Every structure is written in structure tokens, then in C-alpha cells.
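Chain naming follows the written order as A, B, C and D, and within any one chain the residues start at number 1.
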Amino acid sequence: MPPYPATCRAAVVRTFGAPIVIEEVPIPGEIEPGAILARIEMCSICGTDVHLWQGSLSTKVELPVILGHEMVGRIVAMGSGTARDSVGQPLRAGDRITWTHTSCGSCFFCTVAQEPTLCANARRYMYERMDRPPYLLGGFAEYGYVLPDAGRIRVPDDLPNELASLSSCALRSVMNAFDALGAISPAETVVIQGAGPLGLLATAVAKVSGARRVVTIGAPDARLAIASVFGADETISIDRTSPEERVDAVRVLTAGRGADIVMEFTGHPAAFNEGLDLIRRGGRYVVVGQLGAGTTTFRPALIVSKQLRILGSLSGRAKAYWKALDFLSAHRKAVPFERMISTRYSLGDVNIAMERMKRYEEIKPVIALDAPMEAP
Amino acid sequence: MPPYPATCRAAVVRTFGAPIVIEEVPIPGEIEPGAILARIEMCSICGTDVHLWQGSLSTKVELPVILGHEMVGRIVAMGSGTARDSVGQPLRAGDRITWTHTSCGSCFFCTVAQEPTLCANARRYMYERMDRPPYLLGGFAEYGYVLPDAGRIRVPDDLPNELASLSSCALRSVMNAFDALGAISPAETVVIQGAGPLGLLATAVAKVSGARRVVTIGAPDARLAIASVFGADETISIDRTSPEERVDAVRVLTAGRGADIVMEFTGHPAAFNEGLDLIRRGGRYVVVGQLGAGTTTFRPALIVSKQLRILGSLSGRAKAYWKALDFLSAHRKAVPFERMISTRYSLGDVNIAMERMKRYEEIKPVIALDAPMEAP
Amino acid sequence: MPPYPATCRAAVVRTFGAPIVIEEVPIPGEIEPGAILARIEMCSICGTDVHLWQGSLSTKVELPVILGHEMVGRIVAMGSGTARDSVGQPLRAGDRITWTHTSCGSCFFCTVAQEPTLCANARRYMYERMDRPPYLLGGFAEYGYVLPDAGRIRVPDDLPNELASLSSCALRSVMNAFDALGAISPAETVVIQGAGPLGLLATAVAKVSGARRVVTIGAPDARLAIASVFGADETISIDRTSPEERVDAVRVLTAGRGADIVMEFTGHPAAFNEGLDLIRRGGRYVVVGQLGAGTTTFRPALIVSKQLRILGSLSGRAKAYWKALDFLSAHRKAVPFERMISTRYSLGDVNIAMERMKRYEEIKPVIALDAPMEAP
Amino acid sequence: MPPYPATCRAAVVRTFGAPIVIEEVPIPGEIEPGAILARIEMCSICGTDVHLWQGSLSTKVELPVILGHEMVGRIVAMGSGTARDSVGQPLRAGDRITWTHTSCGSCFFCTVAQEPTLCANARRYMYERMDRPPYLLGGFAEYGYVLPDAGRIRVPDDLPNELASLSSCALRSVMNAFDALGAISPAETVVIQGAGPLGLLATAVAKVSGARRVVTIGAPDARLAIASVFGADETISIDRTSPEERVDAVRVLTAGRGADIVMEFTGHPAAFNEGLDLIRRGGRYVVVGQLGAGTTTFRPALIVSKQLRILGSLSGRAKAYWKALDFLSAHRKAVPFERMISTRYSLGDVNIAMERMKRYEEIKPVIALDAPMEAP
């Protein structure tokens, strides 16, 4: 008999937009080679969770699914061949890990392009039906099943669950974006578009990476205040400025040239146009937040006349997860990352949490599953 | 008394859209340090010449100007300090040269960004008033004045004027675009959007650079026939296909993935959208032809979900001119570049030439000025 | 009962330097998940085979081993999960494949550095004891066992075994070296040090990649003749020149500057010094052939005063194998690669073949195993 | 009559190794176009000054010369066309500037390679005879002549002369080295070889750039103490450790792998070998300090088996000077750069200063020329 219960509770979406249901879901009795079963301790909530729940993602999703994809868990059972994590650190039952969407290792994108996030055969947590094995592929659940082809990274012991869960979608996406960007020269000004979780974390990474000046654009003021604490030299509220005023403000800071680097984390198509105006000739624009079906109208000649480099960055591979955890561990004394964690919910309060997320009343809330549980 | 006449003939635009006037224009009596006076032998005609003439450029131009900017000339008089060209080759009266727009060498873009084409103080041939010294800053003229801050490159002796003039705007722009692109792996498929002069030359450069497969998209068939001779493995006529069919055709050639690299040389904003569809996930898109005020509506999420790198390329620095001339010299036996030269006009026929350009009846015509002239 | 014999013949090294023994070796009765059993059709011979046999490798090798590591085979039996090759192409029994050393996918080098050839847990064909399962980890054998963690690439149908085997060590190493190099600009001169199999293949790749001028340095003349046919614009015999003369010769070809790019494929430590002299200031030096314990004395100030980039390249990942096969398929009509294949030996003649290799009487000989065999 | 004296005092080397002579040297009566005359306020002393004085440079130097090349001066007279510095900032008499060796802008290295420090026609301060115009091409003098082809950068007003002079050789070389290196990922460990002025400044730049861990290796302890203040997470004394112990120590800090990045600033050929051992497989090695005629014996196979990238970095272009000044201005509150300035000498004490430099009793001393002077 396996050392874990036969079922566990999970937050299931059965109808788009309808209340999320807490259900008992089977736990696989056997863990296949390469797979791991983890007791989820915490799962932070992401805007994408809201979009999936509301049925507004451009990707087609087949229901029912277990919501949540930014999770940290403690290893309960291990399939064969899982003695090391994706960077070679030893793994044992009881260790905490975060884990990635899968990549097959056997397609053009994994092998030739070496971009596992573009894998032709990826399976993604929260996007997989929960009414068939291995059931537990979402983060708002007491247990999670780590697929064999998924990367998994050991969480440093000094890192609280709140920060570890942050790393597993928000910060790994930011780390991937900085990989796409390449070097920041010490003289360069970086503009961050967006003061949501990714924008705030990117503010911290840009500052730690030695940018001459980090300017974070967003709202509301409470978030901009966090941006300042995280390292923004300047913040600009979109509530009190027009796009033209923001472009002017950045020009004033950069001898009239515009930002050397702009990084987009807003999700609003119009931000793309503003980004093109914020950037100097010859500058680099990293686009991360654009994920929806929205369109924008722009003049492609700007790309040529300003000789821009526009770099898309999607999600993040295992490498980005590892770097995210390492970054949190290295800089958590200097940067109060926990200030991003806005509220702590129990699994039973998932609908309250999601409604508040939907109304933009949260920054980065978490579902805490780490309270003691009775044995089955 | 200088060894050249006091005036020479030039084709002057005095009113946008009105017939171009052949006038006698002063030749500077003194050549300042760093400057060169050249007897222009040939100037090829570019689409931008038509746009300037018609007054449809987004850049504001003050009239009157001498039209033409793709010229090759023979050195007649040299200011002090001009004994070497921009790559160190010796220069003497009687040598042929091409020359670049100016870059000041003393601005952020020249010194820090090392992108002289983005120079904050650039002066550009054909964009400068001809009613004040040094008058001769356009190519449709018997003499041309090379400004002190302009790059100048010696033309290899074996290169006819037709090819040398090609190098000085069309091919140097293409060379700059390939610099922006970086390495082409031998397994990569390159799609060239556009079968105008730049698209055709880019077809040749992509093929010579070892691309696995070069696909040139454009029209009419006569140009696509040249593309094939220049190295296109496949050509696709835009006259006989829809954008969707072109995307499908490229997919079929690339195991369903799309092109590794797309390079845009069309000038049509809609081509930008098509380029985003032609390219594979993780691919690179070099944008060159977009120069006008036109807009397009697109979904920025494509940049993220396909994790694209979009690279603008503007004009070309002295390095690109040198590489262009060297390329023509190295490959002219294998690639019949002269097939692009559609007609040879005299200076007096400039209006005929321009009207035909306007009606898209030419590929790359030239104004030939190299007929013998009487002494003053 | 499996559809293959219980044993097969293989060339085994039991004592360094002693004659290689043809033995009957067990074929595993079961093929584990991810593994493949292939009927080896051909295995080309590499200088490293000689070094291992002679016991002169700097890496420690435990005997007995089956010699040979450049093999192509036809799939006989497949473990579960092997329906696609490493780039996503479908695999079926009867298909030909080449395969790579293993990489674990779970170490810093695989995941963070994304350099599977540096994998901390790699297992390499020909370096593994053959007296324990799965026995068949060398290429001079009738059957070969593809380990689960090994990349495997389908061989294009149009490619003869001679070329396919070439790809699996020689050309994939060359492809990896060109990846390390990055872009070759059309104006650049590439010097190839070495006219052995790698040097000859690198000559072809450099030429196909559009180098302005390829200069191959080596000996004897018969190899330089092949270099010329493969695309060398110039060849320089080391039998008839001093290092100084070679440096001078390259200077003459490059306006006095030296080569833009030098690529080393010789294995002689002294070639490193010569490479530093052949290269121009600001040039790139890719070092591939240096594998032994030999040392050289040089002046490190050359790296600084010439501001060089020196790029080591080791072996090649699955991506390089795929590119190698694709390259052979794409260019075999233009480049007579088969001219490198110096002799075709049967397995029984392995000692004759190895002796001749040792005496440098071969370029790239092969062991042909593709003759029809009786059923067990 | 020009607004400056006819002569000024300067420290002249007339015989290698003999005492330096303070002489009256002519000040050019006319400042040619592009040139600037500056009243030197401070010149820091560099190890190269000692080597030149002693006649131990590998470069041949023709005497007499004025010693010193790390100077900051205040503009006294300006040739025509000098109204802006090399990055476009306005210049006026009375402004402070630093300036670079010359680059011609008209050679392969300036134009094609875009590496002005490799210019084929460079003239270098302190290396030019002082017995012919414009005489004042060394820093240990009351006036300095900025050549027309030399870059010049305005010094931020808030920067004391001590720091500005630091920027003009030591820190610009470090900035150039970081350009050669490219991006530092937040998870990477950087080892700095050398605790001289360059090593100390590189320690600060690496830390500011976000390196996970900076390890500075050198001696004596007083310098290592400065390294710690500048940002070194660890320092290792070469006085108390063997090379093997240092390699082990770095391994312990890096999960057994070795440093991701090593940067060499020692000048000792043996440090090159140690660097190769300190670095992890796949790592990057930036070599800066190797300038002399010394040799070392090493195994080139290390470059291949560890698949290293070795990047030479020489001096620094105008861009590096600008970045150096900007860096000092941005970080001088966080990093006490002035702790490197070991002693302040008057021009008359130049021989005392040089003797102490020769005996390694200084870190970075300066010659202060900014005391008030009588009018001529």
C-alpha cells in the first residue's frame, strides 16, 4: 500500500466561469519511472488562472481541469530514475521541489533549437483533464504529480514556500526574459512596462544586474511603491500620465534618447506601441506579457528606422526555474520579495481568491496547503 | 584654377511631383579637408528616389535637391587627408569610389552604440538643398561632392559601374541586414519577402551564405526568374497565391515548422503580418523594407508565443559598402548580377526613367554619366 | 524469442597494443525502454580508435572494449518510447540511424549550460566494458545497442552508409565547431589547419557557408587535392613550407592582416602557436583537434594584443549529428565526399585496417558490415 | 597671443632606467582642427609607466618621451570642430575631459572590425617623442595636447580628479573586458585573478553587474581588504595558498564545477594556466593582464576538453572611457573607489613615486598638477 492516501482534495473547473468545485480526486497508486508524487504545500495564483477559469484564453482547454500551475511541493513518492533533479542535485522523499511543464527531448525544438519551452509535444500543468490518470496535474490540490518529462528543481532550504511558488511561473518567466535580452551594460537604462508580479520581479532583476537606471511604469501606487523598494530608480504611474508624457519622462532621463532596453510585462496590446516609442534607436525590446488575442495597429517602419531588436520570451525552461530559485535565495535579504505576497488563502477559499484576482484586488496571493492534515 | 569645370549638369527637384529639371549647378572651387570631388559615372535609381520626387516620404525634405543617391564616381580632386579610403586602401585621382551618408563620429550612436547609420548628426545625399555649397549632394549629376564625414570605398577595378552603383544603396542595405541577422546555419531555410532589387540581392547573399533552402516570394514572374538564377531554390508568386497558401507552401518545405529565417524587403506593411506567419517558433525575422507611414494591425502575442527575434536593419555603414563591393567582385562570375539592371538612361532622360520606375516597369535602371565629356 | 541472434561478432580490444580479437559477444535479449538494437552496417575508423587501441589516450579506459564509434545501423528492435528520433522524425524497424554518446538531461551541463556534450554523466561508445550488459557499445560489431540517453537520428534514405558513418563523429564535430564559431561574413577568410577527415570536411562547410576564401593547410598532397575539390581556394603543404612561410602566405592573401578565422583540426600542440600567428588582430580561433596530453609553450600576451577570441569545441550533440546528415544530403552532388573514403574493410580485416591507420596510410577507411548474413 | 604660456613643465624620460627629468617643454602656439589643449590636473600612475621607464616593454619606444597616460585635464584651448565630445556632450573651455589614444577611422580595424583599439594607425600617449610638435603627448606634464583623432569624454562634475584619472586607463580597460565577456547571468560565479588596480575595479564591476559570487585572488592582504569592500564575496591570498588550493577553493564554492567566468588581470604568464584550471567546463575566460614577452607552457587540449571560450581584451575605445566615467559617477557612493588611491605626489616627486611603484609599494598613486599656478 502506498504511503499516501487514495484521494485528495483539489479545486476543479468543470464549467468556464462557474464556481470552482473542491472535489476528491484519485491519487495514482503507482508512480511511473521518472515521475514524482509531491504533497503540494503552496500554489501562488497567476492571472492566467483567471483567464483559464473564465474561458478567455486563446488556447483551447478541455474541461475538467485542476486549476493552478505555480506550485511548490514536498516529495512523497518517487518513480525510478528520479534520484537527481534537473541540475543534478540529489532528491529524496521529503525534499521540496518546483517543476516545469514537460518537454519531450525528442523534437526539433528540444534538440535543434534547444528551446524546450517551444517543445512540439509539451504537456502543461492545469491544461490537462483531471478525469483520467494521472489526475493531479494542477496546483490547487493537496497532491501533485510531476510528469516524467517535466523538469524538477530542489528548493533551497532557506526559502519559504511563498517565495518558492513565486519562482515557478512568475520569476522563471522573468529569468527567461533576461536570458533573451542578453547583457545589460552598466550604463544602460531599463524601462519595465508593468507593475504586476512579473514587472516587479523584473525590476529587481534589472537592478541587481547593474542597470544604470530602472524605470517601472504601472499602477496602482501600492505596486509602484513595491517597485521602488525592489530597486526602481523611478516609477511612473499610468493613472496619472498619458503615453506621451511617459515617453517624454523617459527621454528626460536618458539625454533625450529613450531607453536602451524596454521589457514588456503588461499583457495590453497598446503597451507594445508605447514600448516602441519608449525605446531609443538601436535599442532592445523584450516582449513577455503579450499572451491574448488582442491586436494593435502600429507602423512597422519604426522597427527599421529605429533599427530595433524585438525579442519575444515565452515561459521558461528548467534552467530558468533553477535561476529563479537561486536568485531568490541570493537576494532575499536585500529585496523584500514577500511584500508581493498579498494574501494567503486556504484551498476552500479558492473562489474568494479568484474573484479578488479577477477584480485586480491582489498582487500575488497564494493558496496555502501546508497546514497539517489528518492521515487518511 | 581647379582641374574641373565651374558648373555641371544635374537633375533637380524643385517642386514635388513636377518634372525634374536638368540645370547647371556650381562645382565648389575648393575641396575642404576630408572631402573629395568625383566625376559621377553612373547612378542607379531606387524606389526612394521616386518617393522623394513625389513628396511621399515620411521624412520632411526641403527643396530644391539633386535626386539620386546610389552613385559611383571617379576621383577628380581631393581635400587634404583623403589618401586612404574608409578601410585603408590608397586613393588617388582617377580611382573610382562609392560613398556613404555622413556620420559624425562624435555622438552616442557613433561612439557608444557603434551604429553610424543611426548617427544623430547624419547628412544624407539627395536630402540636402542644392542651392548652397557644396551643391552637389545628389547622384543624378555629372559631379558629386563627398562630404568629409562620409565613408568612401574604392571600387575594385574589375567591377563595371552598373554593379558598383548597385552596391551603394541596394546591396549595402542587404549586407547590413545580414549583419543584423547573424549566422545562418547550413540547415536553415530562409524566406525572402520581395523580389525587388533588395530581395533579389538578398536571395543571392542567402544562397552564397549556405542556407539550406532559399524561398523568394514576390512578383512579377520576370523578377522571380531572376531570383531563381540568383539562387532561390523555390519562388512563390504573390500574383497567384493567397497569404495562407504561401504560409502553407513554406510549411510543406520545412517539415511543417515554417521558415527558420524570414527577411522582409517589400515595403508593404501587410508583409509584416505575413512574415510573422511564415516564420517558425523560435525563428528570426529581419525587417528592412518597412520605411513608410503605413500601418498594420497585428497580434503582439505572436512575438511571445512563437518566441521570435525581430531585427530591424536600416541602411548600412561604410563596412556594408565595402562588403557589398567585395561580394559583387567575388561572386559576379557565379551570379549574373547585371540581369537586374533593366535599362540604361542618359541624364537628359531622367523624367522618362522616373516615370517608368513609378509605374513599376523597371527593376534597377541606371543613369549613365560616363560618356566622354568635353573639357571646360 | 527476439527477432535477432543471441550473439554476434565484434572486434574486441583486450590488451592495449595487442592484436584486436574478433569474438562472439552476447546480444541483449531484452531492449530496455528508450533503447534500440541496430544491425550495424558500417563503421568508419577514426584516429581516436588507434589511440584507444594503443593505450595512448589521456582518458583512462577499462578493458575489454569493442572498438569503433562512428557507426550507422539499421533498427532491429526497439524499446518502448522510441517511436521518434531526437528531432521528431518517426522511427521504425528497418530504418537506418546514427547515434550519439549519452547525456543525462539531469545535470548542470545538460540543463543550465545546455551543452549535452559536457554532460557530467555521459557514457561513450567504445569506452564501455563489453563483458557486461548491454555488451554492444562499440561500432566494430555486427550489432550495436543504442542507450536510452543517447540521441539518435534517422539517416536520409539517399545517403550511402559511407557518408552516414562519416557524419557520426567527423562531421558532427565539424558542425559543432561551426556552431561555436558563429557567423562567417561573406568577406572573411577562413584558414583550416589540418587536411585529415575533419579538416577536409571543415573545408567543405566553410566554403558552402560563403567564406570569401578558404585556405587549407596540411599534407600530404593527395589530401590537399581533395581539399581543393571540396572547396579550398588555396592549399598550403606543410611538407614544403615553414610555419613562417605559411603565415606569410596567408598575409599575402589578406591584405597583410592575417586570417579572419582559423580553425584547428590537427591534434598537434604546435599548431596552436601557428594558429595564433595565422590569425589577424580581432580574429576568431576555433580549436577542435587538440585532444592529447601534449603541451606547447606560447606567449599569452598574443591573446590580449591581438584581442583574439579562442573557442574550444568538443565532440557534438544530437543537433550536430542531424546537421551533419542534412549537410551531406544537401551537398553531396556538389561535393564528392566519398573521395575521403579511402578503403573498405571487412570486420575480419580490422587489424590490417588499424595498422594502416596507425601508419597514416588511410584518410577515412570503413569497416563494412552490411553484407547479407544468415539467419541464426 | 594664446591664452596660455609658451612652455610648461613635464617629466621626461631621456634614458631608460635613468632618473626622470623635469623639463620645460614648448606648448604648441596653434591648436589644429579637432585638437584640444588641456591643463592637466591629475595623472595616475600605471604599471606600464614603470615598464616604459625601465625599457622593459615588448613594444619598441623611441626616446625622449613624456611619461604618463592616465590623465584628466581642463580645456584651455580648442581647435575648430571640437564643440562636442565623443558621445555628443557639449565641450567648452574650462570643462574637464579624459582622452583616448587615437584611431584613424579609415582602416579595416576601425571601419570593418569596429575595434578602434586595434587601429592600424593608432598613436598612443606617452609613446610619442616629445622633441617635436605637438610635444605634449604624455600625462606627467602641466599641459596635454589631445590629438584630433583621439576620443575625448567630458568628466561629470561630481567626480574628483582622482577617480577621473582612474577611468582613463585602468577602468576603461576593465569596461572593455566586460564588453568582451558579454552577459553575466545572476547565477554565475566570477573569479578575478589579480588584486591590482584593474582586478579591484573588475571586482566592483562584476559585483555591480549582479554576479552570484565574486572571488578575488591576489595579494597582499591590504589589497584583498579593498577587494572585499569593493564587493568580493571571497578573497584568496596567493601568499598563503598554492595554485591547487585555489582551484580547490573555487570548486568548493561552485558545487565542484569551477568558476563560470574567470577574468585575468595579473600580467603573470603562469596565471593563464591557473585560469584554465579555475574555470568550469563550458566557461568563459577573459584575458586582460597579459602584456609582456613572458611565455608559459600549457596543454591546448584543455581548451577543447573543457570547451572554453577565451576572450582577449586590449585597452579600450572611447565607449569604454565614457562607461568608466559613468560607472564611477553612478556607484561612487556605494563603492569607496578612492581607497585605491594610495598616494598623492607633486610633479617634482615623480622619481620618488616611480621608485615606489617599481617596488610594489603603491596601489594607484597620482601625480597632482591641480595646484594653482602663476600666470606666465
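What we mean here is this: contacts are C-beta pairs under 8 Å (C-beta built on N, C-alpha and C of every residue); 3 or more make two chains touch, one makes a residue touch a chain.
Being a predicted model, the structure only gives us computed values, none of them experimental.
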Classification of the chain B:chain C interface as same or different, half of numbers criterion: same
Cα-centroid distance, chain A relative to chain B, in whole angstrom: 44
Rounded Å distance between chain A and chain C, as computed from the means of their C-alpha atoms: 41
In chain D, residues with contacts to at least two other chains: 108, 112, 187, 322-323
Chain-level touch network, classified as line, ring, star, complete or other: complete
Sites on chain D touched by chain C in the complex: 58, 108-109, 112-113, 115, 117-118, 180, 187, 255, 257, 269, 272, 281-282, 287-301, 303-314
Chain C residues within the chain A interface of the complex: 33, 84-88, 105-108, 111-112, 114, 120, 151, 317-319, 322-323
Residue ranges of chain C touching chain B (in the complex, touch as defined): 175, 178-179, 182-187, 205, 208-210, 212, 322-323, 326-327, 330
